[in-house]
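Heads up, the next two complexes both have subunit A, just with different partners, subunit B and then subunit C.
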Partner chain A sequence: MSEHAPSVPADDSVGIVSPQKFHFDTPLPLACGRQLNHWDLMVETYGELNADASNAVLICHALSGNHHAAGYHAPDDRKPGWWDSYIGPGKPVDTNRFFVVALNNLGGCHGSTGPTSIDPDTGRVWGPDFPVMTVEDWVDSQAVLADRLGIQRWAAVVGGSLGGMQVLEWSTRYPERLLHAVVIASTPKLSAQNIAFNEVARQAIMSDPEFHNGHYLEQETIPRHGLRLARMVGHITYLSEHSMGQKFGRDLRADKLNYSFGVEFQVESYLRHQGDTFSERFDANTYLLMTKALDYFDPAGAYGGDLVKALEVAQCRFSVFSFTTDWRFAPARSEELVNALVAAGKRVSYACIDSPHGHDAFLIPNERYQAVFTATMDLIWQQQAGAASCAQI
Partner chain B sequence: MRADLDIINNWVAQGSRVLDLACGDGELLAHLEQRGVAGYGLEIDPNNITACIRRGVDVLEQNLDEGLDNFDEQSYDTVIMTQALQVLRRPDLTLDEMLRVGREAIITFPNFAYWRCRAHLALKGRMPVSKTLPHHWYDTPNIHLSTFADFERLCDAKQIRIRDRAVGNSQYEAHWVSHLWPNLFGEVAIYRVCR
Partner chain C sequence: MSEHAPSVPADDSVGIVSPQKFHFDTPLPLACGRQLNHWDLMVETYGELNADASNAVLICHALSGNHHAAGYHAPDDRKPGWWDSYIGPGKPVDTNRFFVVALNNLGGCHGSTGPTSIDPDTGRVWGPDFPVMTVEDWVDSQAVLADRLGIQRWAAVVGGSLGGMQVLEWSTRYPERLLHAVVIASTPKLSAQNIAFNEVARQAIMSDPEFHNGHYLEQETIPRHGLRLARMVGHITYLSEHSMGQKFGRDLRADKLNYSFGVEFQVESYLRHQGDTFSERFDANTYLLMTKALDYFDPAGAYGGDLVKALEVAQCRFSVFSFTTDWRFAPARSEELVNALVAAGKRVSYACIDSPHGHDAFLIPNERYQAVFTATMDLIWQQQAGAASCAQI
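Here is the complex of A and B:
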């Protein structure tokens, strides 16, 4: 097996893609009370928008994701976009049919305005002074992007994990602007345990001497060590005990124990490697901000904790998928959402997919997941065709 | 359309809200939807769940043996369950749940006192295998087989009222003998019950 992608992408790949930067001078009021006056979004699109702009699908990314959801940026890219298994010609999110939009959220570190961007008011890097973003803010910015692209209503908004939260927010914040919400491996709010893990990750970053209260870029350094630890902790919560056991067991790197504190087990080496690569490509302030957005998300909060009431305004159909070994956002959390949707009388389907891969399962090829996701997208295709012909009458 | 589904279709009022427990591939719900009936199917088989979604039927992956806690009391007009009573761990408790959530329940199941079953057991001395009961004793999902008489007795004990009953052969075709002696000549039945 080659480590490198084939120079000619497979038939079911969107192929070579290039991101576009959209600039906005529309002031964006934020939940924290501040506003962004000038902002950029890094966007990739796949497929063609049809004449009545009814075939658009928005893909919302999770904590460390970005706009590069499918295809390759260059023929020698080692890896495709983060959701390439599910987006492409003939794949569940079929780019022969749908116009797929993926973006890097505000506060990100892959081209959209975020802590590593220059604050136009000061001429300096935003760093820790970048406003704390919420899922609501992201959805508002995505709605402005939809306006720019000429998309009045999405055929579907789709996302996993933190992306699923954005999907849920879309359904209540702009109920008339989507036909279908696909919420995967997500939750209507974080549990105390989820918040606790996020806090450990934040503490790891903030206690790194290279953090400099978030002003590390001005010091021409990065809190590499803290970011690495944060990723290691996060990564453990994305996998299941079973998948870690399968992948590494108790395998040693050498053939005997050293009786020292160096890296001995394969799992240690793997986590360090994950942490190392992550700390090179991800911004620490963005990581802090993304985990905060996760912690804050609670659509029921404004309704005295009543999720059913919070969902009443939704008009779209819902599809909710969870994975059996996901202990970060366990099936029970998806079921909490499904039950609230049922109680609110919303149209919803729910599948709990058998997978050994824990939370990461939503990114990984899986026969049943592919079947049920494809059936859902087929249904969405019919829905948008029906809605489009209604609109003509 | 399957004959049993046709009968059920006639028993469900236009525009009502239903739950279909063990809804299979969603055929009944898809049919009911054309008459303005809305609701959810509950199913645990992955292929059936995908088939439901393909038809546009709202389906929830849920194990009936774990109850219907997630549905409010009397929140549905009719709770339907076709050909699943005999596979449940506690059919009696599920029946209670159905009538807690629904104002009415429609249930179908095979009759173990059907004359062929009786003959099979009496003459061959072996557990019956037939079109409606196609499994061997060791691999059957049917862990709580019963007869019409058993079911009616259970209803009686629980003070559940039987509003309607349709008895027939495996194709749900009624015959004068199955009218006269349903527990002997009826192979399958559809009951419509309420409290």
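Here is the complex of A and C:
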């Protein structure tokens, strides 16, 4: 991801941004049968909503993402938001044109109501008693947020990975409330292997003695080792074998083998660092919940596995992108979706983008990706202008 | 793997077998700079060594394997040895012809000297103070075993995965002591991704509080959770995405989601079971040591990365097999080896075998594999007969 001195923000940066917390007292019924009566969403917006509220774009985040998608919170921030490469003035999601809305999903650990929040009914931290969330629940909460912001219809809903699942769910759950769905590096459902990797991550967390059945905060501890392992496993699946090889090969940290179980190869050092950093900044119950949402997502499930049927209700146009070396959600997974959309008679464009960066490619600057993403958002810009002028007639 | 009532052994089974422990007082210098002065190897043999000791085949085991490669230890054994599908009367490694030697490698936990053995110098369990072993060390110990058995030259050295690495090492370390090297589902060195998966497994074990820096036996405990996680991660890499999908898909254990973090999908149940079973039967220090031996193996390393140069000294013929859906050591990794062997002017045959079973394919009955393995062993039979008659002239 690009890094620059934010004290002199680049011309294409949204600059310093401030998150806002939105409070809702609208009961939100959840797929699990429970409901949230009082809940908060932490939100960032970039750009200006136009008079007819037709230029709004919703950004949906992936497993470890949040509302901070672009810009900086403070002049001395070391890194910008997680999708800063693609959101900003003149960038593919052009904030000179679009009003961009990014939020932390419910169940998250960055300000929206989640396992680290206080349950108003008990006065105690939710912890493991926070309801299991699904992609459907998130989309419902995002629709309530859209109401609050005065957005009847999104010009586009955009997201990568787990974010792409939310986009897909929007297209069938609220078919009249978006013009365009941009589904990036995603899949219409997890494979057994995907679920298996998630299960290893969950077991790593849950078998950490510091997990305390999810009540670690009350014990004033965190399951650091478990989270660290979960992130290490995850990280292997985010990178391609090729990019890992290019980045580290079999390079040693010292100049020779030390015949011990300490860090010897560069790739070990990298993984440990990734794991350590993550375990300091992410909540374990949130991690469990996010992986379960991934596992559960299966829009075709309610239609006996028939994805074409599940998609029939959609009204928006679709753009689907995949990346050649992504083995977490390989191009074939996007192509399943594209084929089903075609079979359902939907308007869809598809690009399989050449990149060495595996699943992480959806976050990383890449000329081809930028070109196809820009062209897509240009189309969406025209589409919303056309729709808005039709509405005026 | 085939299972039958061993009380009535099948005609193609070696039947009931007994392991033998061989004790050595020959000092064994190790790659790490230390040496073992007194050591045991647990060994099984099948078939009869012929008069000129020309019909011996060495079987090298993989990460979690041992000396029990074929047959049963007792009439009520539920499962035969790990390679029973391919070793026995009339099977590819035909015990009517060959004298087959299988051993538990040093550092193992099934009878050979390893971390669970008593260090004769201290009178205490070796534990984490057992030396880090390398493929080279194993091959050296196997050569000492061959001396003891009166085998000057193996008709073949055969192994899959980590076993294949030992075969390759034999070909260059003792070039005159084998006629044929059979390298199955292996690689001339690990990739960064392979090392990364091993590192996650090691971290899972070492960060388990029951690990006690490797001194868990003295604490009368075992790092069960860590071993379990290590095995779960490993298991994902042994199966192909396809075979996991075929075996489990997204099938639920119950008839609907229960919105909890318990077992819901069949694949979760399977992985937990695999992990639990393994954590009961395998030693954690041995697991660490085996993964390190994998990471370290790099015969080209001493030749500036030039594998062709590393292989020049080899005199044997080579047969290399890979499996189409193996993503742990993909066919491309075998092909690197085959290309280097060709470039080094060696006699090599190569088969990439169609199988849906991923890396595990090398253990599983498969008609094509059986055909090519049988043809290879037939060739080796003729080769050793020819070599033996030449030697007599």
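The criterion applied here is as follows: the second predicted complex is superposed on the first by the 388 of 393 C-alpha atoms of A that agree within 3 Å, B and C clash if a C-alpha of one lies under 4 Å from a C-alpha of the other, contacts with A are read in each partner's own complex, and residues count from 1 in each chain.
The working rule: a contact is a pair of C-beta atoms (placed from the backbone, for glycine too) under 8 Å apart; a residue touches a chain by one contact, two chains touch by 3 or more.
All values derive from a computational prediction rather than experimental measurement.
Partner contacting the larger number of subunit A residues, of subunit B and subunit C: C. Judged by the touch definition given at the top, the superposed model places A:L145 against neither subunit B nor subunit C.
Once chain A of one complex is fitted onto chain A of the other, the partner contacts of A:A385 are absent, as it touches neither subunit B nor subunit C. Touch criterion met: A:V342 reaches subunit B, while subunit C stays clear of it. In the superposition on chain A, contact is made by A:F261 with subunit C only, not with subunit B.
Contacts of A:M244 after superposition: subunit C is touched, whereas subunit B is not reached. Contacts of A:L252 after superposition on the shared chain: neither subunit B nor subunit C is touched. In the superposed model, A:Q203 makes contact with subunit C only, not with subunit B. In the superposition on chain A, A:S319 makes contact with subunit B only, while subunit C stays out of contact range. The residues of subunit A shared by its contacts with subunit B and with subunit C come to none at all. Remark: subunit A residues 317, 319, 335, 338-339, 342-343, 347-354, 368, 371-372, 375-376, 378-379, 382 touch subunit B in the complex. Within the complex, the subunit B residues that touch subunit A are 40, 46-47, 49-54, 56, 58-62, 70-72. Those residues of subunit C that touch subunit A in the complex are listed here as 31-33, 131-132, 189-193, 195-197, 199-200, 202-204, 206-207, 209, 225, 228-229, 232-233, 236, 239, 241, 244-245, 247-250, 257, 259-261, 264-265, 267-268, 271-272, 275, 288, 292, 295-296, 298.
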